[in-house]
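Think of it as A, B, C and D in the order they're written, each chain with its own count starting at 1.
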Amino acid sequence: MREITFSKALREALIEEMERDPNIILLGEDIGVYGGVFKVTDGLLDRFGPERVRETPISEAGFIGAAVGMAMTGKHPMAELMFMDFAWVAGDQIFNQAAKMRYMSGGRVKVPMVIRTQQGGGRGNAAQHSQSLETVFTHIPGLKVVVPSTPYDAKGLLKTAIRDENPVVFFEDKMMYNLEGPVPDEEYTIPFGVADIKRAGTDVTIVATSSMVHVALGAADLLSEVGISAEVIDPRTMYPLDTPSLVDSAKKTSRAIVVDEGYERYGVTAEIASVMADGAFYYLDAPVKRMGAMDVPVPFSPALEDLTVPTEASVADMAKTLCGKV
Amino acid sequence: MTLERDDLLQMFKTMLLIRHFEEQCVEFYKSGEIHGSLHPCIGQEATAVGACVALRRDDYMTCTYRGHGQALAKGLDPKQAMAELLGRKTGCNQGKGGSMHFTDPDIGLLGENAIVGAGVPIAVGAAMTAQLDKTDRVAITFFGDGAVNQGAFHEAMNMAAIWDLPIIFFCENNLYSEMTPIKDMVNVAQLADRAAAYGMQAVTVDGYDPIAVYEVTKAAVDRARGGEGPTFIEAMTYRLFGHMVGDAEPYRTKAEVEEWRKRDPITTFPKQLIDKFGFTKADIEAVTAEVEAELAEISRFALESPWPDVSKIAEDVFAA
Amino acid sequence: MREITFSKALREALIEEMERDPNIILLGEDIGVYGGVFKVTDGLLDRFGPERVRETPISEAGFIGAAVGMAMTGKHPMAELMFMDFAWVAGDQIFNQAAKMRYMSGGRVKVPMVIRTQQGGGRGNAAQHSQSLETVFTHIPGLKVVVPSTPYDAKGLLKTAIRDENPVVFFEDKMMYNLEGPVPDEEYTIPFGVADIKRAGTDVTIVATSSMVHVALGAADLLSEVGISAEVIDPRTMYPLDTPSLVDSAKKTSRAIVVDEGYERYGVTAEIASVMADGAFYYLDAPVKRMGAMDVPVPFSPALEDLTVPTEASVADMAKTLCGKV
Amino acid sequence: MTLERDDLLQMFKTMLLIRHFEEQCVEFYKSGEIHGSLHPCIGQEATAVGACVALRRDDYMTCTYRGHGQALAKGLDPKQAMAELLGRKTGCNQGKGGSMHFTDPDIGLLGENAIVGAGVPIAVGAAMTAQLDKTDRVAITFFGDGAVNQGAFHEAMNMAAIWDLPIIFFCENNLYSEMTPIKDMVNVAQLADRAAAYGMQAVTVDGYDPIAVYEVTKAAVDRARGGEGPTFIEAMTYRLFGHMVGDAEPYRTKAEVEEWRKRDPITTFPKQLIDKFGFTKADIEAVTAEVEAELAEISRFALESPWPDVSKIAEDVFAA
């Protein structure tokens, strides 16, 4: 199978879907002439014109609000939030409007829209440009939340997101755009709420999301060197969450770690750990462990930044402790 | 369309319906039938009706928690509206939204909104749809004077201006945002002065004169339909009731309220109909009787409506 | 001891602290002439004048941002967010600015400010005026989060909040303002990070926050009727969280339920349940259970609203199940 | 204060220091010494220096990720600045903030900011402190043309206007927000036109003329100190470098850049000093040599500085 980058996989999904459905409209800052600061929308302005690739002022509340209005009137807007951190200036339109509109209307309207955004550390962008805020989005009812970790998943899940009739938030990881991976030429989609076992194993379950999938896979390699067989499982969507698969894996291995790049405290690892601890209670040999980002705003210095997130070594160490191999 | 004689009487009828409807709501609130917060537009019926008469049923609209009058003027079934206020299954939102969230896509109503300023960009999006689809629909967004200090208002005004969107920004300047006088919260003489910052056309109108409101709105709608872009309308109006049921009104004087009450459109407009348009007292009385009968039916319908199905509580979060 | 309302306890704290420290400045909508829509600041304008009780435009991002600037320059501002739901329009100033400023500056500045706000359902205020968003605030590093449940706690914790040198978010419950309770005449403060056992018990631990403390106490009454002794423990501050006390209680009773009014999914109950499940792993007889609000925007109808949150009966039922008494 | 002859030379020196400092940053970025995003103000030195000369050291200031020049002009130690960019312990923020977050309360710098528009209300708060304390300090907030479309800007402008705060809103209109021409994003001829919406005094100035910038800023500062309230300044300027290192600049022509480069203040201002103010070529050369020596020392200091203490990574989240 051909290998393409994460970024190209996303662009293909956008192009194919925009060709299919003329109601899909992109909105965002610098997405046109420049093709987006991470180049995901490169070439789309030429292809689809300025009405469908609409460059906006620096008015996130304004254009996400406009996307809500477009979605309620028959369009399928896709708003690009250049950095997830900017969700905070558009919070009302995302969390009070897009997420709640259908329910408040008693099902009278629907709000089919996608917010594509980009998250995570690793680029020295410091505290206001490096957050992983999936917890906030998954906590609020009314939004679906997608966190792809491979080019294959990215393309298939983005297509599903675009075809969904609800507000979907799609999180890309800023360090992953150049990651290459196999993506078939043929059309495919990936359903929401289906976790993917990225590596099968028997001794310990590592649930990992987005960028942390690769960290977990690296950890699994390290673990195999010391005779520990780790299963790496990627929920792919945070909501809906494939609880049964996660619980089954924990039942099978009887030990589990949950790894995510968001702040650990009151973060998504807590939800996942607690549903696993509940569902697999009588099977667990040890408490479910959580590993997220340190409880600090992301520091700038390269001497500090990477220390705030889980690494292959730290995840492997945790697994060894759980398996009694230290 | 210019207003025909019949339109005028119909306008009065709608205004009166809104007034009685809201007075009934206040009663229902006091008797415990209506829960939550209730923000009557009593005194502001002329803006709702004057503006909505200039619109088509398929035009888009957003408004605020104080939007009952606008919703009814745009065509919301008053029975469904009252049932919604009582939290019943037959409400326009099946009881899930309540007073601050009336929504009815059939009449283009994309929601009242409980967040100040939030409906403004949403209406901008609807106007974008209209522009893209070349349907010649327009969008209107109603909001209060206090909303002009909210960021979302600003961002939405600018987007509409740069994209020449078919939208009317309709500001009901009722002099207060909750309990705060707007004059302390802006440094301009009229809120219409704000529009210049966006290169947008603007006008201030007497919001107690339904015909004047109709005329400026009609002009703005014509411009929007003709592709000439957005208009900001500031209508000077006043609530004859408090901000919400329960408001003790320490922030304004009785004399001020009385001054405005003299101009109450519900009493002055019928006089005008008689004095200037040749209607008779009997015409007015007939309309009044009709409204009273309708209202009795509305209340009965709402009170007798069933409660929402508890088993459906978790439905409608997502579309299938 | 005299009994006063929750609201009066808060007002006393404000008055005493404002008398003590002239740098304390209140900011907010309708807090002056009207005394606040929930009347907490009643009379303060007359007492302290318009410079210290500053009525603001409907510009939450603006005045919370201004509070950040005041705090950085020597004042101690207290911004009132009329409803917590409005945090979404001021999110950037709360989460990207107030919370991160000190860390980003490498400790060069401090941001001593309080955001007082009001939350919860029960008043028919529907989806955009009834949220309990403590999860969002506790997830972001740099904020302290206070959730008092009694007039006594409210006064003592608000004084501590005001004397803290950091951004503190103080959540009042809209249904609790008229709740009466004993409050001493003498000056006192309550330290952050110290949970309070609201009722001692031996069979099951119920961790409950804010309004849910009273629900838990009611449940404990119901449980005592069937011979189950429930311990009700109130963390009082979500961050810092008194993990040791919670874990100790779970170790003692070997069964635990966490009850909170926020949305359950990815909510604070997940954090608390998972730290308890981890810390008391070898003592637990059953999985730690979580009870939060249903995963829906808060519905308006009185026929629906109350069903979305835990009740005395539902908490008692859960406890009975855990104790094998059903 | 009016500008003395020595002030002029000092202004040039600061401008040159900023230019060389930033050119060095670009080098360090390319060689991998600087991580993250880097947004040089190359070409915009005249606004930074012209404005900051009109301020006192104890005046408050907020700026943006493009604020290195302003920070240096306000008095930030360039060694600490460079060390911060390299993520070192000796940086003004101990390496925790980086390029977009320089902060130094000793010179009133309340932070650059990585969120467009966010520094604007923060400066309003600082101005409130000054007003409350009657210290006669003023606040200045620097932001770009793109920021005028952000809600926080709007809310802050309004608050400053209604409360007559001692603050200067300094908009560097460099024609682009990232890769987007501002002319497509507003519907007014000059951004200064926005100020009328708030009843605020405004002026547009040539941002490539440091003396003109000084003069309008000085007038605004005097008004603010005198209790006459806020001023909005729009300085027309241009970045001679891209938005950030790595910007391929497809959105503007080489010819446009060259047109502005002809007026580059770093080359035109010294000419003006010689032609109009009687300085000699030797004066300029002496300053240039000084700056070069300083810069060598700055770079050396930064490169030799230790990394932050890993054990202190979790410190500074909260004050004790």
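The definition used in the following text is that contacts are C-beta pairs under 8 Å (C-beta built on N, C-alpha and C of every residue); 3 or more make two chains touch, one makes a residue touch a chain.
Because the structure is a prediction, the values reported are computed rather than measured.
Peer 1: Tell me which chains count as touching both subunit B and subunit C.
Peer 2: Of all the chains present, those in contact with both subunit B and subunit C are A, D.
Peer 1: Among all other chains, pick the one whose mean CA position is farthest from the mean CA position of subunit C.
Peer 2: With centres defined by C-alpha atoms, farthest from subunit C sits D.
Peer 1: Quick check: how many Å separate the C-alpha centres of subunit A and subunit B?
Peer 2: Computed from C-alpha means, the inter-chain centre distance equals 41 Å.
Peer 1: Approximately how many whole Å separate the CA-defined centres of subunit A and subunit C?
Peer 2: Centres of subunit A and subunit C (C-alpha means) sit 30 Å apart.
Peer 1: If you average the CA atoms of subunit A and of subunit D, how many Å lie between those two points?
Peer 2: So the centre of subunit A lies 36 Å away from the centre of subunit D.
Peer 1: Can you tell me which residues of subunit B touch two or more of the remaining chains?
Peer 2: 93, 95-97, 101, 113, 115, 149-152, 155, 158, 162, 184-186, 317
Peer 1: Specify, in ascending order, the residues of subunit C that touch 2 or more different other chains.
Peer 2: In subunit C, 57, 59, 61-62, 85-86, 88-89, 92, 96, 103-104, 126-128, 141-142, 295-297, 299-300 touch at least two other chains.
Peer 1: Can the chain contact pattern be summarised as a line, a ring, a star, a complete graph, or none of these (other)?
Peer 2: Chain contacts: complete, every pair touches.
Peer 1: What part of subunit A is in contact with subunit C in the complex they form?
Peer 2: The touching residues are 61, 85-89, 91-92, 94-96, 99-100, 103-104, 126-128, 135-136, 138-142, 238-239, 262-263, 265-271, 273-274, 277-279, 281, 284, 286-290, 295-297, 299-300.
Peer 1: Subunit A touches which residues of subunit B in the complex?
Peer 2: Listed in rising order, the residues are 60, 62, 91-97, 101, 103-105, 110-111, 113, 115, 118, 120-130, 132-133, 139, 151-152, 155-156, 158-159, 162, 315-320.
Peer 1: Mind pulling up the subunit D residues that touch subunit A in the complex?
Peer 2: So the residues of subunit D touching subunit A come out as 35-37, 87-88, 93, 95-101, 113-117, 146-147, 149-152, 177-180, 184-186, 250-251, 307-308, 310, 313-314, 317.
Peer 1: Tell me, which parts of subunit C touch subunit D in their complex?
Peer 2: For subunit C paired with subunit D, touching residues are 25, 51, 56-57, 59, 61-75, 77, 89, 92-93, 96-97, 101-110, 112, 141-142, 144, 165-166.
Peer 1: Write out the stretch or stretches of subunit C touching subunit B in their complex.
Peer 2: 29-30, 33-34, 37, 55, 57-59, 61-62, 85-86, 88-89, 123-129, 294-297, 299-304, 307-308
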